[in-house]
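Multiple structures are listed underneath, in structure tokens.
Next come two complexes, and both contain chain A; in the first it sits with chain B, in the second with chain C.
And now, the complex of A and B:
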């Protein structure tokens, strides 16, 4: 197990390094002269050079890269070129929206997908099983923004139960914050569930045909008991991997949902900063998201080793 | 039913929407008796076993009656059956690696069976599991408790499966080709453990295999299946010495012995001509007639049934019968 963890950690650090170089080169490389981009059209060469010097942009790329990484490691994510705000502060403020949104969306998706997918697998070949498969298929085809708009129309406009969009901050009213999150979480969760149901269904179907499930029944478990006690634990193995992969999907989903419901989340902040050509803000925020996604994948790998003794032994 | 019988099977039919794989089986196994069930792949042996256990794969259904421990297993609900499985009737499967839960400790898998069916505490169940492992001659039984199935050998895994099936002293054990997935070198060892354990408990045994010497060594009676029916049954020694059905004789003749194996390639090992007919297009009359040298007009149209007596066979022209008058 120790070797397994060490290998995964080495892979984790390697992936982070490659990702950071890629982000740095893509953003700097694509933007041309950063100072010129920041000042926009009509700026004099003198002004551009002055700004470039102020931010250290006239130094060699390698020096700038290591400077950036060094600062990131010490917790300094840089400052906005325009407003001089700290990126760390900008991000933290947005996380109180984005983290509850993404996390609750994922949890809701799983809470729906695991029982429904298991039910669909148990009832494969029956009308109810086929209906569930069809509904989840439709769910997969529905774009996240459309689901959001429909929910917003129904619960916000028609019934007037919940706000159609906008944000009440936690500090103003925790209840208001929760109310602003209900519809976004619901849209995100339903779409996640539609995708996950299919994976749960096929994982459970696969497990149902395994000999060890028959053995569990042969020594006294009922069909349902064997599925819940022996089957789900084994079905969890492929699902953990899928959930890890869905995290990236989830972040993509939050970009859309935050826009549809006008939530001041991290994704929307990033979009705004891309438009405003805030190079360092975008660069550091993207890196943060990458760190998050790769960390989740590391956790998934470690969890996999914990759940499956065969992985510990062989890899 | 009389309590002396471990199982009474009457007109057992196993089918799905398209096929009938087991076509009317009748046999009775007295308590403690050991019966071999032989036949080629596809003859319905495994589906018969699964039907007795109430573990048929999805889509398959059993009809007829299976009396065991005072009830008809066919009519029982999954819940009612589950309280018997592993306690009064249990099964050893073919492939021990795929049949054990890969993510749970072996000790837990076996001791949970004991806890389920008895009042034993966790500690007591674990102690009895270690005892079982010891009875199965498994090395270092205490350490084995915390091992995973992939960490031990195939022979050890199958002995674990046997320990699991025997944990609660069942009246009947069904072993479905328990050594097919094992190395030849450990087959004998595993069978010996199974044999001893079954005898110590006084359990009845149904041994499914196509390995005839195993049947000869372990069973009192044998039933030969062909295309979903029993074509011959009787005491093992008599059936093997003087088979009455031509299929049984064919099976016996195709067993390798030191006499009929020639290493220079000029093998004298006999084989039954033709193939087992697919279930969806069984021939009329006796299902074996296209492959039978003794087949006549009658065999092509009329279905033979098992005749009476201790040496039953379903054949219009059984081997060793007196030649019909009109021909003589």
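And now, the complex of A and C:
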């Protein structure tokens, strides 16, 4: 197990390093002269040079890269060119929207997908199984923002139960904050569920055809008992991997849903900064998101090793 | 022809399960062929619409005609009505189909090519190259596609080409992994050893023997990523970091509908429906083709 953990940690650090270099090169390399981009077309060369000098953008790339990484490690994510706000403050202010949204969306997706997928697997070939397959097939084709639009059309405009957009902060009214999150979470969760149902279904089908399940039945367990007591743990393995892989998808969905419902989350901040060409803010925020995803992947890998002794032994 | 071929394939019942009675087998096969059929029909319709849009449009989808603003569906000359600037919805949807197909297929094709090169290199080279390519793909996979797209839009400016590049960056690692594992499977076959013993070079073997044998898997993957590309493009254009006027995208239309007239307008329905039907068609096509071209994978997935 120790070797397994070390290998995964080495991969984690390597991934962080390569991803940071890639992000840095992409943003600095493809973006051309950062100071010129920030100041826009009408800027004089003197102004560009002055800004570049203030922010140290005229130093060699390698120096700038290590400077950026060093600062990030010590918690300094840089500052906005225009407003001079610190990126760390900008980001933390928005996490109270984005994290509950993404996390509840994922949990809701799993809460729907696990029972429905299991039911679909047990009813392969029957009309209800076929119907579920069709519904999830259609669900996968629905763009998450259109799901959001349709849901707010139904619950916001027609029924008037919930706000169609906007945000009430937790500090103003926790109940208001929850109300503004219900429809976004529902949209995200339903679309996540449509994707996850297919994985749950094939994972459960796979388990159902294994010898150990037949053995469990042979020692007197009912189908359901065998599936719950023996099958679940085995089906959980591929599921953990899938959830890990879906994190990237989840972040993409969160970005879009925040726009649909005008939520002041992390991704809306990103979009605004992309439009304003706030290179440093975008660079540091992107790196934070990537660190988050890679950390989730590390946790998934470690969990996988914990759940399945075979993984530890073979890798 | 493809349809008739599937009837010769063995029944894809999983191993370890007693063979199903013939009646049940028949019933299970039917919806599969149906998915291929529906997929072909839907995809063909959208391809045809996109093609027609190059030669014929009911009216110019970008020129505002204020006296025609917000006409309801069913108006003569404007079947689905017009938007807030009096532009015809059908014409916009037709040009939107063109954008979706161009961007989706463009991203899927570029990543297919790059994935083939990297995947085949990983499968046929030594352990170090394989490890480097595979781990590299893993790392790239952990960068969310939406984030890549935003970064590219921030640095290159948004547009159809940027969107295609973002999709390529996003899909290439997964293609690489699929190609690698499919190619390794083929490379372990006896006929490859025979070809090598006969004196065939590595490149020759890859092109002449491995490529045709993984073509089925590749076609299926291409279809599914084509669909994913359309979804992603719609999302990016909705966010305002995809294509812009005078190009039209279904995602852009939804954005405009929500911003300008509100979601209760039918304008927020048609483009969404178009996206769902096109993506559904491609996904069904991919699933149907998988049953025909790649029975081994179909058995695992079903």
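Going forward, the second predicted complex is superposed on the first by the 315 of 315 C-alpha atoms of A that agree within 3 Å, B and C clash if a C-alpha of one lies under 4 Å from a C-alpha of the other, contacts with A are read in each partner's own complex, and residues count from 1 in each chain.
FYI, contacts are C-beta pairs under 8 Å (C-beta built on N, C-alpha and C of every residue); 3 or more make two chains touch, one makes a residue touch a chain.
Just so it is clear, the structure is predicted and the values come from calculations on it, not from any experiment.
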First, second, both or neither for A:85, with chain B first and chain C second: neither
Partner chain(s) touched by A:215 [first = chain B, second = chain C, both, neither]: first
Which superposed partner A:223 touches (first chain B, second chain C, both, neither): first
First (chain B), second (chain C), both or neither touched by A:310: first
Partner chain(s) touched by A:58 [first = chain B, second = chain C, both, neither]: neither
Partner contacting more residues of chain A (chain B vs chain C): C
Touching partner for A:234 - first (chain B), second (chain C), both, neither: first
Chain B and chain C contact sites that coincide on chain A, given as residue numbers: 125, 210-211, 214
Interfacial residue positions of chain A with respect to chain C in the complex: 11, 14-15, 18-19, 22-23, 26-27, 30-31, 124-125, 130, 133, 137-138, 140-146, 149-150, 152-153, 156-157, 164, 202, 205-206, 209-211, 214, 245, 247-249, 251-252, 255-256, 259-260, 267, 270-271, 273-275, 277, 279, 282, 286, 289-290, 293-294, 297
List of chain A residues in touch with chain B within their complex: 125, 210-212, 214-223, 225, 230, 233-234, 237, 307-310, 313
For the chain B and chain A complex, residues of the former touching the latter: 53, 55, 58-59, 78-79, 82-83, 85-87, 90-91, 93, 95, 98-104, 113, 116-117, 148, 150-151, 161, 164-165, 167
Chain C residues within the chain A interface of the complex: 14-17, 20, 24, 27-28, 31, 35, 135-136, 138-139, 141-147, 150-156, 227, 231-232, 234-235, 238-241, 251, 254, 258, 263-264, 268, 272, 275-277, 279-280, 283-284, 287, 300-302
